[in-house]
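Chain nomenclature is as follows: A, B, C and D, assigned in order of appearance, with residue numbering initiated at 1 for each chain independently.
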Amino acid sequence: MIRVAVIGAGRIGRIHAANLSRNKDADIVYVSDVIDAAAESLAKTCNAAVASVDQVLEDSTINAVVIASSTDTHADLVERAATAGKSVFCEKPLDLNATRAQECLSVAEKHGVLLCLGFNRRHDPSFSRLKNEIDAGTIGNVEVVSITSRDPAPPPVQYIERSGGLFRDMMIHDFDIGRWLLGDEPNQVFATGSVLADPAIATAGDIDTAIAVLRTASGRMCQITNSRRCEYGYDQRIEVFGEKGMVRADNQTATKVEVAGAGGFATEPALPFFLERYADAYRIQLDRFLRASGGENIDIPGGADGLRALQLADAAQESLETGKPVDV
Amino acid sequence: MIRVAVIGAGRIGRIHAANLSRNKDADIVYVSDVIDAAAESLAKTCNAAVASVDQVLEDSTINAVVIASSTDTHADLVERAATAGKSVFCEKPLDLNATRAQECLSVAEKHGVLLCLGFNRRHDPSFSRLKNEIDAGTIGNVEVVSITSRDPAPPPVQYIERSGGLFRDMMIHDFDIGRWLLGDEPNQVFATGSVLADPAIATAGDIDTAIAVLRTASGRMCQITNSRRCEYGYDQRIEVFGEKGMVRADNQTATKVEVAGAGGFATEPALPFFLERYADAYRIQLDRFLRASGGENIDIPGGADGLRALQLADAAQESLETGKPVDV
Amino acid sequence: MIRVAVIGAGRIGRIHAANLSRNKDADIVYVSDVIDAAAESLAKTCNAAVASVDQVLEDSTINAVVIASSTDTHADLVERAATAGKSVFCEKPLDLNATRAQECLSVAEKHGVLLCLGFNRRHDPSFSRLKNEIDAGTIGNVEVVSITSRDPAPPPVQYIERSGGLFRDMMIHDFDIGRWLLGDEPNQVFATGSVLADPAIATAGDIDTAIAVLRTASGRMCQITNSRRCEYGYDQRIEVFGEKGMVRADNQTATKVEVAGAGGFATEPALPFFLERYADAYRIQLDRFLRASGGENIDIPGGADGLRALQLADAAQESLETGKPVDV
Amino acid sequence: MIRVAVIGAGRIGRIHAANLSRNKDADIVYVSDVIDAAAESLAKTCNAAVASVDQVLEDSTINAVVIASSTDTHADLVERAATAGKSVFCEKPLDLNATRAQECLSVAEKHGVLLCLGFNRRHDPSFSRLKNEIDAGTIGNVEVVSITSRDPAPPPVQYIERSGGLFRDMMIHDFDIGRWLLGDEPNQVFATGSVLADPAIATAGDIDTAIAVLRTASGRMCQITNSRRCEYGYDQRIEVFGEKGMVRADNQTATKVEVAGAGGFATEPALPFFLERYADAYRIQLDRFLRASGGENIDIPGGADGLRALQLADAAQESLETGKPVDV
């Protein structure tokens, strides 16, 4: 039994707690949150105690910590938990500042603890199968990865303002998936973007529509398109083109119903947003973290992946601002 | 060069003439029709002469005759053309009366001429591929054939009245396809039907919606569903289930465009009717008739197929009327 | 909180127990099984006590009973539970004998208790949506329902021998779905079948491949095709054709991955069997039973549905044996 | 009747001649080619005379000229035909040199003749429907156009050497389609590429895999991916994302057959190459040229479109070489 504390009882913290509850090998011992009521409410549903972060870290029976608090607390909490010898699962990003993320990563490495980053999409069954097909040689050498990622609707401007911008907040997932599927490290980023969905985003100094192109040393390429608004649901598609063919993952829908009438054939929109689309991925992610935390040798995105994705996001932001490709 | 006469200058006659015109090995020499103006109009577009049936059959340079006149003339014309030693392509059915069809078939056999029936669907590239996959063993032994065949809109009641009824006029195509794909002769037919699409069809003594089930001696089965009205186009689908899997042919559309919006994803209706859906089949059918007529050994539905499909249709009609399965 | 006892700790009993455990409104108090070890094992995983059926029925704090024991015990248990005033959920069928099922239904009615039948497919989100679209008038009047239902592999012959035969064991689900979607009571059944998948099934006096056609008084029709063996997974599809169009539910797959190579494009097989395909349906079914048990007015298949489906199955069996359609 | 001369009797010239033959309003009077045998062979099949370019241009009864000769002859022939007052259809590109193309365009404008460029894809029924949906406002303002265009196999290196490079030879079609669907002029191009398919292409100084990103002044974007090799057929897909949804055109296949087996469901590869995929587009293109040539006001790509696409290709080449985005 792995004894776990959940730090952060907001939307994502509750998802992680629910998934931990369903895992027979995990016991949620503590819930911690800066807002007492939030901590209490979540603690109650998972039969855990409310505790401060200090209490959590001082309790030597706690094996693992799941960090789902606000982004600006991630780096400190990771360092403290690592220093206390806990296995750490941290929501992305480690930090909006790559230097700070690097420091944090060094601390975790120094203490030899497991540090997993919340790149949930890597655990999606469809995307996992893409990776497995690539690794199995189904399409031969990977040549071009194409990622389409569109949110259903823009978040509030207050969220945008603190988000670090589209590349660090949203496309960072795609940078991670792109690296992972290319199987080769991108060393150049070109990015461009516009405000086409919501003018308020321009006033916050950000963009809502973007395209990025990554290149690796061996000449493989990845193209990514993002939008903060999409009428037909949460558009999450990946296509990997290789020398022997192509593998792709399409959107998912709630049912497989089709309606035919005089206008033709109609199927339903893509699943509405990440909670629905990546429900399985969130569950599998925590299961795999627990297994890794228990000593199993398992492929799971770690601190270095978090750092690298952040560096690609920083390069994309620089490319947007300078109008030129940026070497990473 | 095969010298051909087209008898019947109506809608189907014009389709056949156009396809003959595109075939380098065919020369349309004569067009014949009981309506002079129709014959002249078609003769003009294909650079042929107008002639009476007598003239056509007396001209010993004519190798092949394409019969596309009204159904009640088919049997006589087939017999006369066969007696004159011409290769004969005849639109389905040979006759609405099976005994008459049998006589006609005997005459053709006696004179040793080629007699091809216009079961155009066998020449459709998708359905041909179904047959090829079956013959190649892709799905092992065939067990169940499922045919969906729905017309876009009911024909005028006057047409219904002379049609011989849904089974002989419409489902006859499916009986032929069913036999062909089962690869085994059906020896029992159960059929049932209703008037659900157009009450006027009831007054004509016919039905507009029907289901039939065929069985072969070896226990293979075929289910067929027909409707005279379908909102989403001309619904033409076949599914063949076997011991090792399934092959199926889906509807076809004019473009491969998909439109996504808040309501989901929409594709266009099936092609509107047989002229569009089976355009390739009509062309290939005549090409294959010409090749067979030229002596090539080629699989093409003949008089016996026409007779057998008619017998199945008769049995279906009897089953509808008696409420019991009928042995064939 | 609804206090529930689970009777029968086999495969289906465990599924129901797991779903009850996930429902916040249910408390599994007892587990009962003729095999002690089975009862104990399941009771442990859901934190319940082991009890005899007598103990369960004598405990007046128990509100609801879930019957998942062997088929031959269903009718007695339903009667006893109804007499004890419990809400009853019973796996299909009530009994293999329609007269016995009728008696059982009368007892439940006399005691005014809720009696729900385990026609899980009605709760499948795709099939529910078909029903909703029909009820919303999307396709106008229903005309033809087509149901394809194929199991991945034949069960052991010992299972077949006690199953009541394909129509009462397997197609009974489709009879229920057919009635439900037709929205009109079938009053005639024609059925035919063969042994094509597994010769051992013939020795058990049953068939493994079947087609049935149902008719209602108003002329609506339903065609059903079943096979005990299917290479490409658990084939579960429904198509409902109406005056204004068609709605259909396609098979489901584990991922939305497609692989393209020189041979074309490949997607994965249908989900393997009912545990995967109807996982959501099983969960929703119990949730709805609990809500109905709690007094909510909710559409859920009851005893009369169980009886009617059994009568259709009996009629299909008679039709198979006599070679004629049977009135119901 | 429009009297036409075909200049160039190679592969494309023969396609154009066949399509002209099927058009009732066209009469192919002359065929011209630098290789006499080629001219004679084609002239024979379309019942035309062989003539030199001089003879063609001196014959004042000739209304229209279709130029399908080698690329290096296009500009001269266009100028001479325009000067002779003929309507001109010219295969793309006008010239590999934008300055030369500009001169040529000026000559055509000075003589007020119709000059149509062979951007065949604009006439593809699926792509035309994309344009129509956009123009009808189905997706609101266009935001991102994504074009996937992959040839089945690399051409011979000798072809590559004279082609002007991937951007001017292959992606030029996509630049034209991108401009057309964006509905807004791109003013910046970023392009990158690699040799991943065929090392021989590197020795010819070209690339075989490329990605380009276009931007318009209003911030709309277009991403294009090209490869000279694709295992699953000629991959030709377009997706247009807008404020209200998305429209896309998928690949086309020869049949709609699907094969299901233990491994899943398989459909066939995309149509093999442009002759099959764009057969309709080639036919419609010539029909529309003839109608425009006859005075009808019809939307068809002209000399300015040819020049603009070439400028985008030049900019892409410069971007590839300098590693920076290039303003156009």
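Throughout what follows, contacts are C-beta pairs under 8 Å (C-beta built on N, C-alpha and C of every residue); 3 or more make two chains touch, one makes a residue touch a chain.
Model, not experiment: these values are computed from the prediction.
Asker: On the document's contact criterion, could you list the chains that touch chain B and likewise touch chain C?
Answerer: A, D
Asker: Report the chain whose mean Cα position is at the greatest distance from that of chain B.
Answerer: Greatest centre separation from chain B goes to chain A.
Asker: What's the distance between the Cα centroids of chain B and chain D, rounded to whole Å?
Answerer: Computed value for the inter-centroid distance: 40 Å.
Asker: Suppose each chain is reduced to the average of its Cα coordinates; what separation in Å results between chain A and chain B?
Answerer: Between these chains, centre-to-centre, one finds 58 Å.
Asker: Identify all positions of chain B at which a residue touches two or more other chains, and write them in rising order.
Answerer: Answer for chain B, listing residues that touch two or more other chains: 231-232, 244-246, 260-262.
Asker: Any idea which chain A residues touch chain D in the complex?
Answerer: 141, 143-144, 146, 148, 150, 188, 190, 192, 194-197, 209, 211, 213, 215, 219-221, 223, 225, 227, 229-232, 235, 241, 243-246, 323-325
Asker: Quick check on the complex: what are the chain B residues that touch chain A?
Answerer: Listed in rising order, the residues are 231-232, 253, 260-269.
Asker: Note which residues of chain A are touching chain C in the complex, please.
Answerer: Listed in rising order, the residues of chain A that touch chain C are 125-126, 129-130, 133, 138-139, 244-252, 254-262.
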